[in-house]
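Below you'll find the structure I mean.
Every chain is named by a letter (A, B, C, D, E, F, G and H) in the order it is written, and numbering of its residues begins at 1.
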Amino acid sequence: MPEVKILEEVCKGCGLCCDNVCPVGILRLAPDRINSSGYHPAEITDMSKCIGCGYCYMTCPEPAIEVYK
Amino acid sequence: MPEVKILEEVCKGCGLCCDNVCPVGILRLAPDRINSSGYHPAEITDMSKCIGCGYCYMTCPEPAIEVYK
Amino acid sequence: MTKEFIIAGFGGQGIVSSGIILAYAGLFENLNVTFFPSYGAEMRGGTANCQVVVSDEKIASPVVVNPDIVIIMNEPSLLKFEPVVKPGGMLFFNQTLIKSKPARKDVEIIPIEANKIAEELGQGRIANMVMLGAMVKKTKMVSIESMKKAQRKRFERASEEQLALNDRALERGYALF
Amino acid sequence: MTKEFIIAGFGGQGIVSSGIILAYAGLFENLNVTFFPSYGAEMRGGTANCQVVVSDEKIASPVVVNPDIVIIMNEPSLLKFEPVVKPGGMLFFNQTLIKSKPARKDVEIIPIEANKIAEELGQGRIANMVMLGAMVKKTKMVSIESMKKAQRKRFERASEEQLALNDRALERGYALF
Amino acid sequence: MKLLFGRPAGLTDINQRYCPGCGHGIVHRLIGELLVEMNIREKTIGVAPVGCSVFADEYFNCDMIQVPHGRAPAVATGIKRTRPDCMVFTYQGDGDLAAIGTAEMIHVAARNENITIIFINNAIYGMTGGQLAPTTLPGMRSTTSVKGRDVVTQGYPIKVCELLNALDGPYYLERVAVDIPRNIIKTKKAIKTAFQYQLDNKGFSLIEILSMCPTGWGVTPVQAKKWIAEVMANYYPLGELRNRAKEAK
Amino acid sequence: MKLLFGRPAGLTDINQRYCPGCGHGIVHRLIGELLVEMNIREKTIGVAPVGCSVFADEYFNCDMIQVPHGRAPAVATGIKRTRPDCMVFTYQGDGDLAAIGTAEMIHVAARNENITIIFINNAIYGMTGGQLAPTTLPGMRSTTSVKGRDVVTQGYPIKVCELLNALDGPYYLERVAVDIPRNIIKTKKAIKTAFQYQLDNKGFSLIEILSMCPTGWGVTPVQAKKWIAEVMANYYPLGELRNRAKEAK
Amino acid sequence: MAEKELMYGNHALVEGVIHAGCRFFAGYPITPQNESPEYMSIRMNEVGGVFLQTESEIAAINMLFGAAAAGARAMTSSSSPGISLMQEGLSYIAGADVPVLVVNIARGGPGLGNIAPAQSDYFQAVKSGGHGDYHTIVLAPNSVQEMFEFPRLAFELAEKYRNPALILADGLLGQMMEPVEIKGEPIDPKTLPEQDWWLTGCKGREKRVIRSYDLRPGKLEEWNWRRWEKYQKILKNEQRYEDIKIDDADILIVAYGTSARVAEAGLRIARQKGLKVGLLRPITLWPFPSDILSELSKRIEDILVVEMSLGQMIEDVKLVVEGRSKIHFIGHPGGGLPNAQEIYNKILEIRSKK
Amino acid sequence: MAEKELMYGNHALVEGVIHAGCRFFAGYPITPQNESPEYMSIRMNEVGGVFLQTESEIAAINMLFGAAAAGARAMTSSSSPGISLMQEGLSYIAGADVPVLVVNIARGGPGLGNIAPAQSDYFQAVKSGGHGDYHTIVLAPNSVQEMFEFPRLAFELAEKYRNPALILADGLLGQMMEPVEIKGEPIDPKTLPEQDWWLTGCKGREKRVIRSYDLRPGKLEEWNWRRWEKYQKILKNEQRYEDIKIDDADILIVAYGTSARVAEAGLRIARQKGLKVGLLRPITLWPFPSDILSELSKRIEDILVVEMSLGQMIEDVKLVVEGRSKIHFIGHPGGGLPNAQEIYNKILEIRSKK
C-alpha cells in the first residue's frame, strides 16, 4: 500500500497538490495547523485511498511530498 | 537636348554608371585623366546620344552626375 | 526624546504597514519620524522587519541597531531581535503565535494574545493593530487618536468597515493595560 | 644617429608598404626601427601616411613630427608635409603626379619622375619602389641590398616576377643619382 | 517501504526561496530528476541568471555559475567552448532572456550553440516586484502597467519560440507548461529531449515553459495555474515549433 | 537649361567619405531626395549609427544626431516620444543593427515605435575593415573568416526582415537593393512608403537594403553590384515581408 | 510651512522629478529602486509625460540621449549593475554635452552583490566609469526631503553647463520614509525656453547636429580642452556641502549620504561626552567641496572618513588634504552599514592618540 | 639572441597571448585594435583554440567569464567604447574572483571620439569603472616587445590572485611596428594545473559554484574585506616600473605607455643640454608604483606628469606625493599626442622657476 509523506516544514501551503490533482481527492490544506514559516501545510485525509500515482509529488514546487510503496 | 555633366572632382571613378546602366552606352571612365584624389573620372563619349533618362545619376553614389535638359 | 522601534514578523503580518502607521502617527503629532523597511537577505518569504525612529529632534540616523522598543510577531523574529533590545527597553510579542518565552531580565516583556484577540474581532490579519494599540498605551509615544488617523491614512482605499475594524483592534490593544 | 621619415600619398600608392620595407631594411642592418601608420581622420579614401624611425640607439618616440626625410607621392601630401621637414632635411617628391613645386630653401628638394619610371618598367604602382631606391641612394641610411631583401619579406606571397620587378624599380631609383 | 517519488539527488537539500506555488520549483525538480536519470549530474554545468531563480546555483546539485542579468547564453557559450564534453544549460526568466538578454538569446540561437536554454515564461518580472515583462500579455496588469499593458505605448509581447523559429540556427524549440500533471510530464520530456540533443552534439535547444507566478500576478497559486490553461496558453500556444531531428527524417 | 537630376537639397554639399562604388552613397541620395520631395526636411531628425555611415550626420541636410554603436533605435525612441510631430529615422548597418544592436532592434519593432529604420545590409563590417557581420553569407570570406564563414563555429546569418516578421509589432518590412536602376527606384519607393506610414502614425517600418561594399568584399564596384543580383539576393530575397496597410484592406 | 507628507525616498524622487518639469522617464527595473519606476509609471500617466520601461539600461540611457537632444528634461533611475551598463552611453552624452539626469540608488557590490545600501559606486560616479575625459555632476542627498529637492537642482546644473548629472543615493535613502515638504512652484515644462542646440527639425534655420566626435585634426583635443574649462567653472562655482559643528571641531568627520546620517548620530554621542567633533557632508561629490575641506585641514589635525565602501571618497579627501591632517577611516563594503556607536568609538580612539 | 621579427603591436599581442597558453578569445571588432581579432582568428585556428567574434562586447566579456570559470585562459581585446560596455561584466568577474585578461587599445574620447591613441581611460581602468569595490590589475606596455610579453605576465598575475587583469595600451602601440624577440618557451595550456574552483562537472567531488553574491547577513561585507586583503598583497608585491636616469635627477617625469616613449625623447634632449631629468614609467598602473615614487618625491622637488588625457594618473601621483613635490602637467586629451620638444620646453620652464 502506497504511503504519502508531507514534509510539513518544507510545505508552503500553496495548495497546488490539493486542487484537482489527486485522482482520489485525498489532499487538502490542514485548516488548523501552521508551520514555523506561517503556512498551513498540506495533509492527507485518507491515506488508504492513495494509489501511489505521484501526481501530488509532481505538482509540488518544493518538493514537500514523498511517495513510498 | 539633354546634357549630362560629370563633376570630375567629386567622381570616384567607381564605374557603376558605366556598366550596363546608360541605355545608349555613352559612359566610360576616362582612361587618360585622374582627378586630384587619384581617380579616373567618368566621362561621356557622345553627348548627342543622351536621352536624359537619369539612370547614370541614379546609380552614382556621390552623386557626381548632373543631368540637364 | 528619541525612541527607536523595530517591528518584525512574517511577510503577511502587516509589518511594513505597522511601521508606516507608527511613523504617520508621529508625524501627526509634529514629531520627526523615519521609517525603513528591511526585507532581509532573502527576497521571497522569510521574515520582514522595519525600523522606525520617532523623535522631537531632527533625526540623524534612521538605522536602528539597538531598539528601545520591539514588536515581535513570530517565532524567528524573537530569536533575532530579543538580544538587541536596549537594556530598559520594551519587548512586545505576539503570544498567540510564539511558543518560546523571552528570557531577557533587563527589558520589560509584554506578551499579547494578538492573533487570538484579532480572531475574536473577526479577522486574524489585524493582529498587528492589536499590538500597536497595546504599544502606544504602554509607551505613550503618541496618542491612540493619532494611530487611528494614521491607519486611515495608510489604508486610504480600504472600506469604512475595515477601517472601523482596525480602530477597534487598536482600541482592544490599548485597553489591555 | 637617428633618422625620422614620413612617407605620404594616396591610399593605393603603397605608402604603408614603403614604410614597412624601410623598417625591415633597417632591422636587417641591425638598426633599431619603428613604423607607425596614420590613416588620417578620414577612414575611407583621402591620404595615408606613415612614420618611420631608424636609429642605432634605442628609439624613444616613434612619433615623427619634424621628419628628417619625407617621401611625398601626391599633391595634398606636399601641402601637408613640406612645411614640417627639418631644416637641412630632404624632400623627395613624385614629380609625375605633383604639379606644384616645393618652395622650401632650407631643405634639399629631390624631384623624381616616379610614376613615369614605374610605367616605363611596366607597372605604375611600383612608383613607391622607385622613390625608395632614390631615397636610399641619397640618404645612405641602409643599403640597396637590404631594401631588396626587405621588399621580399614584405611581399612574401608575391610572384617571383613581381619581386624581380620591384627590385628593378628600386635599382632604377637608386641609379638616378 | 521504497521511496517512489521524492526530492531528487539532482537538487541540493536547501529549501528554495520561491513563493508558495511558484512554477520555478516544479521546473527545478524536473531538471534535478533528469540530472540523475540521465546520469549527467557529474558532467553538467548550469548557468543561473538574475531573476527569482538567481539562487538556482544553490539549488541544483551540479557545478553552477551565477551570471549578469541576461548574459547567461554568452557565459554558457564560453563554458561550452571550453568544455565541449560537459552538458551546459542556462535557466532564465522572461525579463532575463527576452528583455535585457535579447541579443545574447538571438545570437546563441543563430550560432546553433550546443547548449540548452530552460526559459521560464511567467509573463512578469517576478524578482523585482511584478513589473511588465516582454511577455506580459496585452491588457495584463503589472506594477508598471497598472491599467494593463497598453500595446500602443508599451508594445507587443515577444513570443520567444516563434521569434527564434525565424532563425536558421536552432535545432529544437518547444513550448510547454507546468500547470497540471500532464503538462508537467510533457515538460520533463521536452527538457530531456533537449539535453539528449546536446549530448548528441545536435546544437541549440530552447524549452519555453509557461510557469505560475502567483505573487507577480496577484492571485493564489491555484488561480495562477488555471490562468495558464485558460489565458496564457492561448496566447502562447503549447507545442513543438522546431525539431530538426524530425525534419531530417 | 534646367537641372533634371542633381545633388538634392536634402544632402549637404560635403563630399562623402565612402569608398568608390559604395552603396551608402546611393541610399543617402535617395533619402536626400525624399526629404525634399516629401517636404519633410524641416521636420526630420535623423540618427546616425557607428559604421561607415557614422558621418551621415554631416551628409543629411536635416537635424541629426550621432549615437553609440547599435543604439540608434533607442535614441530614436527618445526623440520620437519627445517630438511626435517630427519624422525620425535611423540609418544603420548590419553590424550596428543586427549584432550589437539586436536588443534595441527587436524591441523597437515589438513596440511598433513610430519610426523608420533604414538598414544597410552589406553583409560585412565595412568601417572596421571587413570582418564577419551577422549577415555575412555562409562560406563568404571576411577578415575574421578568412576561409569563409563556417556556420558550425560562427553560426548562421540573421535574416533581419524575416526575424522581425515573427513579431506582432512591425507595420511595414521590405527588402530592396541598390544594385541596378530598377531596384534603386524600388528602394526609393519603399523608403517613401515607410516615411509616409510614419507621417500617418502607423508605426514601425524597416527597409532592408542590400548594398555594395566593394572594399569589404575585396572586389570592384561593378563586381560588387553583380554579386548582389547573383548571390546575395538569392540568400536574402527581395520583396515586401509585412505591410499592415495591405493586410487591413 | 506647507503640510508634510510621509514619503518613500524613491517616491519623493519621482515627485521631485515631476516637480522639476521632467516629462520623460526611461528605465529598467532593479532593486532597490523599483518603487521609482513603478510610481513613475502612474505619475507620468497623470501628468501626460512619457514613461518607458525599456528592454535594458543601455536602451534607457540612449533613450535619454535622444529625448534630451530633442529638448526634453529626461531622466532614468537604476542601481549599481544597471548604472555600469550605462557607462558607454554616459560617455557619449558627456561627449556631446547633453544634459540628462541619471539616478543611482546604489547597492552592495561588486557583481550581483546584494540589495543592501552601499556607497561603493563613488569612483564610478566621480571619476567617470566610462571612457574618455569627462565628468558628471554628482549630487548626494541624505534625506527623503533632498531626494525630492535634488532632481530640480540636478536639472538646473545639468542644463546650465550642458552636462549630465547624477544623483548618487543608496537603497536606504530610496526605501526609507520621511516627511517631505513640497517646496516651490512646480515647473511647467512648456515654459522652459528652447535651446539653440535642441533637435526640433530645422524649420527656418540651419540644420543642427549633436555628436561626440570631430574629425578635423586636433579639433577633438580642442573640444576636450573647452570642456575642461567648463569643468573648471563647475569646480569653482558649484561646490556644495553641509557643515555641522565645524567651528570648534578638532576632529572632523567627512561623510556623505547615508553615512553622513549615521555619522551625525555618532557626532551627537561624542558631543554629549564633550568631544569637539564636526561633520562635513559633501552634497556635490563632483565637484568635491575641496575649498572648505582645504581650509579645515589647515586647522584640524584628525579627519575621519566614513564610507559604505572599502574607501573611495577618501582619495578625494586625501587629494585635498595633501598630508596636512591625519586621515582615519571607517568603511563598510558589500552593503554593510556603519553605526553611531562604532563612529563614537573610533573618535575615542583618535582622541586617545592625540 | 633570437632573431627579431618586425611586428604590429596588435599582432605581437596575439602572439603573446598564444605564447602564454591562452586558447580562448572572444571579442567584437573596433578600431584601433581590429588587427588583433583578425590575426587571432587565423592563429587560433592554427593552434586549435577558440576564436569567437561575438555579437557585442557585453557578450564577449561574459563569454570570458564562462570560459575562465571553466578553466580556460581567456582574453578579449577592445577599445574604449567597447571597454565601457564591459564594466558590468568586469564587476561580476572581479566579484567572483575569476582571472581573465582584457586588453584596451584605447582611443580618443569621450563618446565616439576618434581612433587616435589616447590615455583617457586611466580612471576607468584603475578606479574600477564598474560598480562596487574592486580593482583590476592593470599593465601598461610601451613597446611592441611588451605587447608580446605582457599577456603572459597578466595571466600569471591574474591567476596568482584570482583577479581580472587589464592591459591598457593605445592605438599607437597597437598599430605601430617594432622588432620583437620571442622570448621564453610557449606554454602548452594542457600543462596548466587544474584549479580547485574550476567548473568541470562535479565528477567524484562536491559541486562547485562561482558567484558574486552571498546572501548570508554580513557575509558579503566579509568577502569584500577578504578581497581588500588580497588587494593589499598585490599593492605590496606587484608594483612594477621602469626608471631612467633617476639617480641624479632633480626633475622627474612620470609617464606611462606611449607618453613615456615621447617623454624619454624629451628627456634625451634635456640631458643633452645637461639638464638632470629622470623618468619614472609605471608599468603596473594598478598597483601604482607608489613606493618608489614616494621615495623619489622626498628628494625631487619637481615632478612633471605627462599624459594623453586631461590628467588622470596625475591624481595617483598626487596621492603618493602628498604635497612634497611640485607637480607639473602636460596633457593631451581627445587623441592628441605630446611631443619631445614640448616636453623639453616644459622642463626648461620648470627649471627657470627653480
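Basically, contacts are C-beta pairs under 8 Å (C-beta built on N, C-alpha and C of every residue); 3 or more make two chains touch, one makes a residue touch a chain.
None of these values were measured; they are calculated from a predicted model.
The set of chains touching subunit B and also touching subunit E is given as F. Interface comparison, A-C versus C-G: the higher number of contacting C-beta pairs is recorded for C-G. In this assembly, the C-alpha centroid of subunit A lies 59 Å from the C-alpha centroid of subunit H.
Separation between the centroids of subunit C and subunit D, computed from CA atoms only, is 85 Å. Rounded to a whole number, the gap between the C-alpha centres of subunit A and subunit D is 86 angstrom. Averaging Cα coordinates per chain places subunit D and subunit H 34 Å apart.
In subunit A, the positions touching at least two other chains are 12. Counting only residues that touch two or more partner chains, subunit C has 41-43, 45-46. Counting partner chains per residue, subunit H shows two or more touched chains at residues 31, 55-56, 58, 81, 88, 92, 96, 111-112, 114, 211-213, 215.
By the touch criterion stated above, subunit H contacts subunit F in their complex at residues 28-31, 34, 37-38, 41-42, 45, 51, 53, 55-57, 81, 111-112.
Subunit A contributes residues 2-3, 10, 12-16, 19-21, 39, 52, 54-55, 57-63, 65-69 to its touches with subunit E in the complex.
Residue ranges on subunit C touching subunit A, taken from their complex, read 10, 12-13, 45-46, 74-76, 97.
Residue ranges on subunit G touching subunit F, taken from their complex, read 24, 26, 50, 52, 54-56, 58-60, 62-72, 74, 88-89, 92, 96, 199-204, 207-213, 215.
By the touch criterion given at the top, residues 12, 41-45, 47-48, 54-55, 57-58, 60-68, 71, 74-83, 85-87, 103-104, 106-107 of subunit F touch subunit G in their complex.
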